[in-house]
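What follows is a pair of complexes built around chain A, which joins chain B in one and chain C in the other.
For the complex of A and B:
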């Protein structure tokens, strides 16, 4: 019984990872643009970016998903459930990633920028070679814990019919009446994936520490 | 304009949902925070099985998506012969979730109280529970309050998950209206606005609270 349930529910692992990974990727990229916009000297741009981040964060993820999945077809923009989930979670992730980047950037002392300037580096080179590598290392643990948070949030995609872990667990629970077992298996799968992400991030973090040589 | 008239028409239907959402959040925090403190104290206990129980509850409560926790209770409690309303089930699941996160904040708060305080309490004749209650706990709570307030805001957003087990909260009310009127964008935008504005009010409170608690640290 357990083996059968595990096989059924594990079918969802692929889509869980796909939705989480794609959203993290797109969200991470949009987040970069956002953080640049927030730090822009033009008040309109930084104002809009800040507003976007706050609006995204104060609305629950499930409301975003429903707005995108059920709402957008009204404007003749029909997305599949998977696409809608990725769009929704990318939107949410972009706001959170922007905040993570921002705190990473804030942790770099101004003296680094001044030193780069004194050495005659161009602003682009300063950002590319001095600020970003250091900020990345500071932000990495936060990115990893956000990735785990997003993994757990991706369970919400089941509510719009994405066939990920929670979706299959729910199906099994209804069909086999093994509710407890189905969701314990789903929970174990989520915890195992989280642990893998945590271990990988720690490895990368340690390697970066050694490479850059900061304690 | 059209949308606004729709919104005014829907508000009476959504209002009871908002109340249920707030009720759900309130009860989850009411049970979740003491539970979190209990887990935090148990994690420091000298009796090992208590530590294991605390570890199990905290890791399951934090490691599982809240949605899975909700389904887990919803699908398994009836099999165990326990029939509860969906609201009660949601309160239990979200309290567990909140308790697991809160316990980490309580632990951090307790750990931040210097050891000297405990020694001072013992020297003053305040042993065990009395010393903990009068000397350690108030200092720990002051440190834990800002993150706990942040958690409270998140729990309000998390209350929307109860939709999946048919708790008649804001999201379910919105879903009902949307499936009758097919005005998805309009309904869910209004829902987003309601969630957003209540969250902003909460965030405002959190900021005031943080400032008040940090007052003794401000330089004059």
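For the complex of A and C:
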């Protein structure tokens, strides 16, 4: 029984990873643009970016998903459930990732920029070779824990019909009346994936820490 | 140009490796630096001493535009920048930073790069040197500052004195004409500070033009040609080291030296 349930529910692992991974990737990339915009000297640009980040973060993820999946078709933009989920979670991830990047950047002392300027490094070289690598190192644990958060949020995609882990768990529960077992299995699958993410990030983090030797 | 009586030369006629005239800086109504003048020949070493808040570091940091002065002119090693009005163009700022090398109180090595990378990255990005050329220069300099075996270490693995010597090597790798030192030993315990001072002494002996903000009175007296005493954002006095130390002209200087030397 357990084996059968596991086989059924594990079918959802692929889409869970796909939705989470794609959203993290797109969100991470858009987040870079956002953080640059927030730090822009042009007030309109930094204002719009700040507003975007705040609005996106305070609206619940499920509301975004419904808005995109059920709301947008009214204006002729019909997305598949998977596309809608990825668009929605990318939107949310971009705002959170921008904040994570921002705190990473803030943690780099001004002295590092000054040293780079005094050496005559260009702004591009300073950001690319001095600031970003150090900010990445600082932001890594936060990125990993956000990735795990996003993984959990991706369960919401089941509400618009994306066949990921929770979707299959619900189906199994209905068909076999093994509700408890179905959702325990779903939970265990999330735990296993989270553990893998956590272990990888810990490894990378420790390696950087040993190398650089900063707190 | 109209000449007045006497032999006083107008400031624009001064020549030297460093010619700073009328340098000042204000934040709104508060004035942190006013009318600082300094002319130096190639190979000269000037120490800047004075109480905290005198504007020593501000002055030094204006020289490579880490701080933006609001008035005066700076001419160093062929670079010329006029303060005040609109910000100087990028080319003259780049030039100014090319001819100056700076060493900071807190070393400011790049912690994510090895010692070798700390010294080679600026050469490659600023001078366009090849990896091999940059490494050759780095190895020579590491030998010169007495740390030939630390190339592959990360800065965090090194003592403060070693880090500061690496920071000196990093600045020298770009062949600056003038080296600026901002309290290079203040973050080090006295014994460790000596190894940094020894490197600076060698550098002075080899003819490097140096401006050193320092609290090390022995270094100021023994190594520098002249001492400039600052207080309250201005120059209290400047003269040959021995003279400033033994027969200071300014009352405030006497007071400061007494406090420092009687300790």
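Definition applied: the second predicted complex is superposed on the first by the 210 of 215 C-alpha atoms of A that agree within 3 Å, B and C clash if a C-alpha of one lies under 4 Å from a C-alpha of the other, contacts with A are read in each partner's own complex, and residues count from 1 in each chain.
As a convention for this text, contacts are C-beta pairs under 8 Å (C-beta built on N, C-alpha and C of every residue); 3 or more make two chains touch, one makes a residue touch a chain.
Everything quoted here is computed from the prediction, not taken from an experiment.
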After lining both complexes up on chain A, report clash or fit for chain B versus chain C. fit
Superposed model, angle subtended at chain A by chain C and chain B (C-alpha, nearest 10 degrees): 110
Is A:129 touching anything from chain B or chain C once the two structures are fitted on A? First, second, both or neither. second
Touched partner set for A:137, first chain B, second chain C, both or neither: second
With both complexes superposed on chain A, which partner does A:118 reach: first (chain B), second (chain C), both or neither? second
With the two structures laid over each other on chain A, which partner does A:53 touch: chain B (first), chain C (second), both, or neither? neither
For A:87, select first, second, both or neither according to whether it touches chain B, chain C, the two together, or no partner. neither
Please name the chain, chain B or chain C, that touches the greater number of residues in chain A. B
Taking the superposition as given, does A:98 touch the first partner, chain B, the second, chain C, both, or neither? neither
Looking at the overlay, what does A:150 touch: chain B (first), chain C (second), both, or neither? neither
Check the superposed model and tell me the shortest C-alpha distance between chain B and chain C, rounded to whole Å. 22
Contact residues on chain C for chain A in the complex? 64, 66, 94, 97-98, 100-102, 104, 106, 108-112, 121-122, 125-126, 154, 156-157, 170-171, 174
So in the complex, the part of chain B that touches chain A is made up of which residues? 59-60, 63-69, 71-72, 74-76, 78-80, 157-158, 160-161, 163-164, 171, 174-175, 178, 184-185, 188-189, 191-192, 195-196, 199-200, 203
Residues of chain A that touch chain C when the two form their complex: 111-112, 114-115, 117-122, 125, 129-130, 133-134, 137, 211-214
Spell out the part of chain A that touches chain B in their complex, as residue ranges. 55, 58-64, 66-67, 70-75, 152-156, 158-159, 166, 169-170, 173, 177, 179-180, 182-184, 186-187, 190-191, 194
